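Look for chain A in each of the two complexes below; its partner is chain B in the first and chain C in the second.
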Partner chain A sequence: MTFATLIQLMIGGIASGSIYALVALGLYVTHLTVDKVNFGQGDFMMVGAFLLLSTRAAGLPPLVCVPLVILALGLLGWALERVAIRPLERARRSPLGSYSWILTTAGVAFILQNVIELVHGRSVQHPTPLLPGGHDAIVHMMGVGFALEELLVVGAVAVLVAAFYFFVFRSRWGSSILAVAFNPEASSLLGVNTPAIKTGVFVLASMLAGAAGVLIGTLITLHPHIGLIFTIKALIVAAVGGFSNPVGIFVGGLLFGVAESLSNYADSSFGDLYPLIGALFVIAIKPSGLFAERAAHVR
Partner chain B sequence: MFADTRSLPRHAPRPAPGARRGLYVLLALFIAALPWLPVNPFMIHLAESFCYTAIAVIGLNVLLGLSGQMSLGQAGFYALGAYGSALVSLRLGWPIPLAMLFGAVLAGVAGALVGVFALRTRGLYLAMATMAVGFVIEILAQRWTDLTGGPLGLAGVPQLDLDWLGNAAFLYVAGGCLLLVQVAADYVNDSAVGRRLRAIRESEAFASAVGIAVPIWRAATFAACAALAGLSGALFAHQSGFVGSDAFTIRLSVSLLIAAVIGGLGTRMGPLLGTLVLLTLAEFSAGVEKYGLMLNGGVLLFVLLLFPEGAAGLLRRWMRQPDTESPDTGHAESAAAKLPPMPSGCALSVAGVSKSYAGVRAVNDVTIDVTPGSIHGLIGPNGAGKSTLINVISGQFACDSGSVLLAGQDVTAFDTPRRARSGLARTFQNLQLIEALTVEQNVQLGQQPAVATWKDFVQWWRRRGFEETQRAEVRAILQFLQIENLAGKRPAELSYGHRKLVELARAVAQRPRLMLLDEPIAGLNTYEAREVALAVKRLNEAGVTIVVVEHNMEFVMSICDRVSVLDHGELIMTGTPQEVQRDPRVLSAYLGGTGDD
Partner chain C sequence: MQNSNSSRLALVAAAAVMAIPGLAKAQVKVGVMQGLSGPPAIVDFGESYLQGVKLALKDYEANGGKTKIELVVYDDEANPQRAVSLAQRLIQNDRVPVVIGTVSSGNVLAMAPLFQKAGVPLVAGPAAVTSITQQFINEKPSYIFRCSMVTRFETNAVTDWAAASNRKIGLIHSTTGAGLTAVKEIDEDLKAKGKSLAVVEAAAPGVSDLTPQLIKMRDAGVDLVLNFHESYELTFRPLSRINYRPTIAGPWGLSSMKVPDIVGRDALEGTIMSQAFDASTPRGKSFNERMRQEYGSAYRWPLVASLGYDAGQIVFKAVEHVGKADPAAIRDAIEDTDGLQAVTATPTRPFSATDHECLDKKDVFLGVWKSGTVERVK
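Then we have the complex of A and B:
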């Protein structure tokens, strides 16, 4: 392996790793606030990618399509919370305990897969490039060729992560989210609109999935069933990061992406499985994640 | 003569659960007769699929419905069973029964490994980990073509063929397996095993306090349910003689979950009903294949949002069988019920125990000796470290330094269940009762098994004498605490005071040598408090050593032989109630003086 190949592999890994991190951030914010995640987060990303495909095919310019897709995904997130999560609070005591949401959100994911199948068919789709130069645009730096779109993905995710961090930890809305995460009842008493926040975090999570959907088309081809593997990888990245802080998740995502890229290079048939299995072992050994402090459990 | 059975005599105990042999006979007869009825081969095929699918669903029902552990990866274990059995019979020529056993064991071993996750993770993490494991196995099945044949599959897997039975052979084998598994699952549901799994699901603190080794139970449940999925897969492999990787996607995992949920989680008939609905749905959607996913997803949403208790729950409601059997059998007049004999109380020594949370010293170098057979009070203002000390003694928290001795034996290294089995019982300040169980069953959780498991099973099967001695003892304990009328109720239906008494009853059922009571009368009215004081006194007279944390001074001073006072994690003094009441240091700790005056 030459130095140039190594760098290219790393950049490719960082690009797909940033997508995992972006999907995982959506899981993080809802887990933080309501202890629940959307088990169809990857499928929401897939829907975003296909929406971009359709709007682009309709001839709209990317600068119109992208906000449109993210807005649409925000609506979808709102609907998800209202249909599949909120009603469970009122529902009769379920024998499933407090984990019904895993299956209801998975149910929504199946329905979305089916809808996309019906609209676009089951075959593989090649998304339109985001940048004018197409998928093959390459910039040369220090004798290494970088795919422009991969750089775009990395840059866009870095900006989004920073914006997300600012939004959650520095803005007033973010304070409300953190307040609800800490104690929903007390937040309500202090005037935080708790139901709105609970819905809002799912809207935010879906918009992040939408952003991932916009970017994913630059890296891979699409079909209606790509979502699941992204859900799994994002969950694992979030769990390895300990569901505890966005920076940990971002770093975890990048590491996972790079490990995957290198292991794929080393073993083309089973390469993608090794990082997955490795991460599972990490979770088995350190369930609270690599970057988490275990909260004292006092009864 | 044939009086309305609903008006049972007022003191009739709840009927013991038992094997429903009539149902098993009906099911067996149906399966036996099916091949000889004028039905087309497709119906036979469906019946076969029903039998082996139901086996996997029963496993999932025990896992999720009883022990509360989510698995989104059952398809992986199913695949292991199928490939394991197919490969050893195809390549190594093993006889089919042995091959199927191998498949089930293989899946069970994998399940035990995944159980490692189950030990360390809960809920979301477990769902994720099992989903990932299922995914990895699916990918291996697809790509490890040398072994599995991938999507093109393994063909020519030996099929079950008994000459004298013709094409009924497979149905009989699958049906026989299903019957055995259903009987075993029913026994689990009715017996101490099911109670323990439910206890683990709702409160691990409770479960370990009554001596259940929670990690082992969780992992074993995972392994057993994976083995059932494996058996199901092994049967599948020998049904058609073809095993292709397309059968083992996450859709299978979700389908099995759907069946378990539709049927009614944690119910005995749920898995059979659910599998029936699932296969009907699958047949129905075969014609509209392109809406299959939508149908699955829609059904999940529909059932979970509108009928979370599933088909079995609906049936029960339609048949007007109340979900909770709660016959109020009326107050008994005699309060002087005999307590079952208790073992003699033992000494407790806490030697130099310290415990900090993130730098805060909650308990600092505390040494207390409790004489056998005494009632020892532990008092102190809020935040003095009383609850921490109780948790250190019972093993919920490990202490940073020092040791805990029970009857002279150093138990510092013992975990909570082991301390419970050494004769230590406790109650909780925040009540820990299992809502899915009746009061009687909650108390039963404290008991040791009265007979060997096989004997217990036989009694269950014969519906004679099943848990008879245990239930008699529970009645005696409830009578002793004057709450025998609550035996059939669920904890949620009880007043706070009664719930506290139920916890006390559960602790008594453990027949402890030392009992830790964490605020036994907090929140009770005067009458109830007096009853508890009386009960504690009488328990103590029966020989039990009692350590009690309580804020109510009247209570503490009237029942305790000796009292230890904690303040800011330090032991101020230990003495008789009179000495404690006179001591200026105690007064200043409570009244906030400087201690000089």
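Then we have the complex of A and C:
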């Protein structure tokens, strides 16, 4: 393998891995705060991708479509928390009550898949390119072709991860999230609007899925059932990176994406299997993830 | 009061007409099973084939078919267990005397024994795996027919051309049963022609990127890529990024009108695929125009729809000939089909006791994408 080939493979893997990381960050923030994740996080990404497809088809420019899609996904996250998660709080003490959110979030994901199928059909869709020139906008450097859309994905995700980190660990809102994560009852007594924070983390997670949906169309063709595999990979990435460390999740996503790319080059027959086996080893040896802090959870 | 009397009279008249044999049309149910949900590639096949079957029924009715035919359509979701369950339902509950379907070859292979045992003819399509009609052909009679592309014939057509083109050949295939069958058949075909595959690369059905596989092809100097992965578009996406422009040839799936929408006309130009429908013939042109009128933009796959149309023609003609729901007689009528005016390359007398395929090897030719349409390779 030449150096140019290695770089070519890595850039593709980093782009895919960035998307996994973005989806996984949504899982991280809700898990951190309320110990629950949206099992339809990948499907929320899919909805974001199709909303972008519709708004672009309606003739709106990307600068209008992208904020619209992310806001719409924020609303969807709000609805998810109010309809599929909060009502279950009352059933917490029943034998299966504390795990009912797995069923309800997965149920919402199935509903979304079917709605998108009804609107867009079951066939594959090719999103309108975000950048002029689309997939053919390539920059060649040192024998390596860099697709501008792939560079856009990597750059955008890096900025979003930095913004997310700042928001959660350096802002007043982030402090409220961490306070609720640490002790919701004490936070309430200290004046934190706990219900609003619990809803807010699902809004934030959905907006991250919306951003992933905007970016994913530059890498793959779309259909209403792409979500599940992204949810699974995001869960793996979050487990490998460490469920309590957003930077670890970002690095875990990139590692997983690059591992997929390299393993497909080495042996395409089982290319997707080796990264999963690797992830299993990592989890077996270090269950808290590669980049987990000593205290695995703020609690 | 007068209205009430008129209604009664009308009812009595209708009942009398129904009761007199020969005045009312006999009604026969025809089962249709297709993959109408599930993986998008399956849905494209299933919907297109069903469009053709429905147009054939419309034409049958317009031409004054004496036997009233009702389609009983089920979606097998490309799921073999569901296909078997629906086959039992069609045979036992709906009591259909003949069935058309389905997309997934695995589903057809799973349910074919049920139809054979029940003595209900199955006209398979658009499933393509070679062995479908061979399973029971030595049982006299076999109830399994097919109106579809046949993997062996299309790999033959593609490998004949590939071997003659004197290029370095690579193959990319999916890890599904159909993909693995294609690899075996292509490898055997090329070896028989004194050629071999320089590179063989695989990919799982749900992958989203084939850059690693195509880099290997490029680095090995492959200038003809045989694309037998069902996500056809994936092969085209990395080419400009990795500065690689091989000729791409593949199965009939590459002729779907969805492919230029996804891949782009320029990237697709010159791509070769197996074909059995020639849109340049008067019959092909007329079929295309009628399908566009009927389905508009939902008509996206001429080859698959035309095979569905021919399957419909064959089945409806046989039902008309028999005039009642008699599976054994309909089977015989299907096997004896003659004078068929097919829109595909299917011959006028497609079947015999030892051949239950609409298409033969000689009927499969190559098509090439030129300026957004598929033309026959001269």
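Throughout what follows, the second predicted complex is superposed on the first by the 283 of 299 C-alpha atoms of A that agree within 3 Å, B and C clash if a C-alpha of one lies under 4 Å from a C-alpha of the other, contacts with A are read in each partner's own complex, and residues count from 1 in each chain.
As a working rule, a residue touches a chain if its C-beta (ideal position, glycine included) is under 8 Å from a C-beta of that chain, and two chains touch if they have at least 3 such contacts.
Remember, it's a predicted structure, so these values are computed and weren't measured experimentally.
Trainee: Identify the partner contact of A:His223: answer first if only chain B is touched, second if only chain C is, both if each is, neither if none is.
Mentor: A:His223: touches chain C, not chain B.
Trainee: Touching A:Gly155 in the superposition: chain B (first), chain C (second), both, neither?
Mentor: Neither partner.
Trainee: Considering only the touch criterion stated at the top, classify A:Val124 as touching first (chain B), second (chain C), both, or neither.
Mentor: second
Trainee: Between chain B (first) and chain C (second), which does A:Phe110 come into contact with in this model arrangement: first, second, both, or neither?
Mentor: The answer is first: A:Phe110 touches chain B but not chain C.
Trainee: Using the touch definition from the top, say if A:Pro67 reaches chain B (first), chain C (second), both or neither.
Mentor: After superposing on A, A:Pro67 lies clear of both chain B and chain C.
Trainee: Of the two partner chains, chain B (first) and chain C (second), which one does A:Gly271 touch, if any: first, second, both, or neither?
Mentor: Once the two structures are laid over each other on A, A:Gly271 reaches chain C alone.
Trainee: With both structures superposed, pick whichever of chain B and chain C touches the larger number of chain A residues.
Mentor: On the superposition, B touches more of the residues of chain A.
Trainee: Output the chain A positions appearing in both contact lists, the one against chain B and the one against chain C.
Mentor: 117, 229, 269, 272
Trainee: Touching chain B in the complex: which residues of chain A?
Mentor: 31, 35-37, 39, 83-84, 87-88, 91-100, 102-104, 106-111, 113-115, 117-118, 228-229, 232, 235-236, 239, 269-270, 272-273, 276-277, 280, 283-284, 287, 296, 298-299
Trainee: How about chain C: which of its residues touch chain A in the complex?
Mentor: 36-41, 43-44, 175, 201-204, 206-209, 211-213, 215-216, 219, 231, 233-234, 237-238, 240-243, 258, 261-262, 300
Trainee: Okay, in this complex, where on chain B does chain A touch?
Mentor: Residues 64-65, 68, 70, 72, 116-117, 120-121, 123-125, 127-129, 131-133, 135-136, 139-140, 143-144, 201, 205, 250, 254, 257, 261, 264-267, 290-294, 296-301, 304-305, 308-310, 313, 357-358, 387, 391, 396, 428-430 of chain B touch chain A in their complex.
Trainee: Quick check: in the complex, which residue numbers of chain A touch chain C?
Mentor: 2, 5, 8-9, 12, 16, 117, 121-124, 126, 135-136, 138, 140, 145-147, 219-221, 223, 225, 229, 261-262, 264-265, 268-269, 271-272
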